């Protein structure tokens, strides 16, 4: 149990070559199939927030029960520089924790900003802290950390920590805000987008990122979250364009 | 230099590759992306009279020998689609990439209505997807399944629009040449062959079909020899140009399809195997292969395997 | 212990694997070899009214995703075949392996005649291969292509023999459930599904189809999802037992076919992929898989994927 | 040119893992496809006697023209012992020469008996001789070597050379005679059979060895030349049966 509504599922085998930021499609027969970020590759791990049929069924599985997965799919984070700021909203904390582990193992510096509606929705806070990351918390209702949006915390972290790269995963408005902040401050950022993933194979077009959002955030038009993403890398330094 | 440009009806294609319907053809931005990736023409996702959400997940998977999908004809309804296609046509015109608008409907009358509406977007060609089940038939036999129903849809669409039409045939018929002849006699200007082959993938551990819809359509490499045979049979039976579609993943595959009698080559599943930028890759492989084999034009290769 | 034995009509099979027609079923010695290799039942190569040499080479190849063949229904004619089958039945009886005699003919009347003659060999089941073209039809539509012709052949064969019959259906039809219903109403005791899917393999360098006959039938892995879908559709439409055939290469494949609704599992191309001794291998894989998955009988698994 | 009616085709690439005794299917579009013994694997080589449409078309090819091949197919010779007697009739000399090369390269002793209708049909005689094999020739008409059947020469060679294994490739009656001789003398033999090969894949049943011949020569019933063979190994020593 990561919090009251989230659960980590640890599989009995590794998913080799899975990178932080990549995802898999998890299928439960008769229930459905949905994308989940890879939260660890050896053994394979995903962290699921129970919000609807598939996620609830996953959270209710007993140890030893079977989950069918296809993946790793999509493109993950490509760490750049040595000072890393991770920004998570909701389940976004899960892939970021996997990224943090990878970066810390390299001996690099990691700070984390986590946002949620309230304390009950916060995930993995103590995990980040005991791994050795400076962690800033915001909640909409002030029930934990600072009251407000996670972007406030990001702004502060940028000033004090001056990260080389910002990595974000969470709801679309958060990503748009992070993109804007990073552009202003000329910091490279890597944004992991969420969209309605159906085929997960770059065929059906369902996961195309909204053209408006693309325009606002510098993502190219016709960008497919499932195949080109979920992570989009935005170079705000040394950009030639 | 090898010349890949070719005529298709009154259209000029820079090269014979055509984005197949249902793959990445859901928005003006995606159609433009594929055009910029090198496609000679692009086809939009099939659109019907009413909006449809499609089937729940899983909707598609790679089973090893090919893909299977049951997306469920997700579409925004023909009114909204016509707006999208109008925007798409505008984006594609400066690129010199023709737009093919794919339509489907549950009845002959609805086909005519959808064709009439979509014509307002001025696509270069209307593709009539008759693989959808005929809701008026007790077995739900697809319109593509019988010469009579295939011809009825063709004639109705033809009467409803001045834009040239290509009728898209299904591979699961006993004699596809017979269906081809029926639709050409009913007025089809071209034929697209083929749609996916109905199949089912079962997971033994789950004891269930993998697709939420249970059945789906087979595409990709497993479909290639089936599609080549269909195109060869059609090319021998009728004179209209054919968009040969099914399992084309490389330039060499494209050459085989043209040798079977196709005038253009539809490409869908290859976007999974090699990414959305596969069009440029197939086009340059085809040019290189033709050069090495001593062909200087598409026309020179067309149909040679069935002579 | 997992019990693989199963009933098929009035027959008792040691296990559900059945040698498919046209593979190694050309002589008493080969049928015996396959029986000793572990098959639950064996089917002879389809035989027609007159001797046929078949097509010239190339007659078969592995194109990567499966096989394609156009052997051309090579057979010694029904008189000689009946002698072979009489000898085969004698060799197989002590082994407890039922003999299925496959027949074809170019007309409804000839089907009845061939069925009558082959009955003298006392096979346990007659398999009626209706995928051959109807020479009376202007397009050469296979008898399997239409409910009417499929039913006509079935009724004629049924009237000509007292031996139970299984009608072998083709996958290239719009609604296979409809054909299945027609043959069952006409008296079919069982259904074999499916025959090969018509296809063509072209060699780009040669600019020619590879088979001397140009077109051929696709079998092996590429056929599996098509065959599973056909069997599932048939099992939902009719109650007679089905020999599910197409692309079965492993014990797990066999489990999937039974889950789709088959009572027995036809195996052909796997003899290329894994050699003629593949039957024992598939049978023991199936037993192991069932044990691990907790199934204790074939009946328990049958049709669970379509419920 | 190996003789007046035979020609060796040397390909521009190797067929790796091809063993002496294995064959390939050679296809010429519009002409046909037939099996040919592999007469060398690196570069790939076949030796063709012009007797009908496919073989004639192969012999008339110009250098640089294309032949389509699938293979290697079937099972080849499995050399046993150190003294080897090779018995060839007709095109059988071709795979045996490849076998001889392999055995000589191991430093083992090789003798050869070659039979033909007449001198014009003899193949590779000087090739075997210059490779260092003792070679015995018979012709039906006496136009070269001894007059008579190759089995006479085999009988003589068995007495004087006492081979560990006899390897034969040629017409069926020759193979039957060699099989009988070896059985009498309790010498292991490996016979390469010819049959009407159609699929070459062990499916169509066309190449089943005649049950009568099987009985005479100890080949199991239902034996497929294309897949179980073309080489059949008959153990006449230390046999448990």
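Lettered A, B, C and D in written order, each chain numbered from 1.
In this section, a contact is a pair of C-beta atoms (placed from the backbone, for glycine too) under 8 Å apart; a residue touches a chain by one contact, two chains touch by 3 or more.
Since we're looking at a predicted model, the values are computed, not measured.
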*If you average the CA atoms of subunit A and of subunit C, how many Å lie between those two points?*
52
_Based only on mean CA positions, could you tell me how far subunit C sits from subunit D in angstrom?_
37
*Distance from subunit C to subunit B - Cα centre to Cα centre, in angstrom*: 33
*By residue number and range, which residues of subunit D touch two or more other chains?*
none
_Give me the residue numbers in subunit C that touch at least two other chains, ranges are fine._
203, 205, 207-208
*Report the topology of the inter-chain touch graph, choosing from line, ring, star, complete and other.*
line
_Pairwise chain contacts, counting only pairs that touch as defined_ = A-B, B-C, C-D
*Mind listing the subunit A positions that touch subunit B in their complex?*
25, 27, 29-30, 32-34, 66, 68, 70, 198-206, 208, 211, 214, 221-222, 224, 227
*asked:* Give the list of subunit B residues in touch with subunit C in this complex.
replied: 63-66, 68, 139-142, 144-146, 170-175, 177-178, 197-205, 207-209, 214-215, 218, 221-222, 224-226, 228-229, 232-233, 252, 255-256, 259-260, 289, 293, 301, 304-306
_Residues on subunit C engaged by subunit D in the complex (per definition of touch)_ = 22-27, 29-30, 32-33, 45, 54, 56-62, 67, 69, 71, 74, 203, 205-208, 210, 212, 268-269, 271-272, 275-276
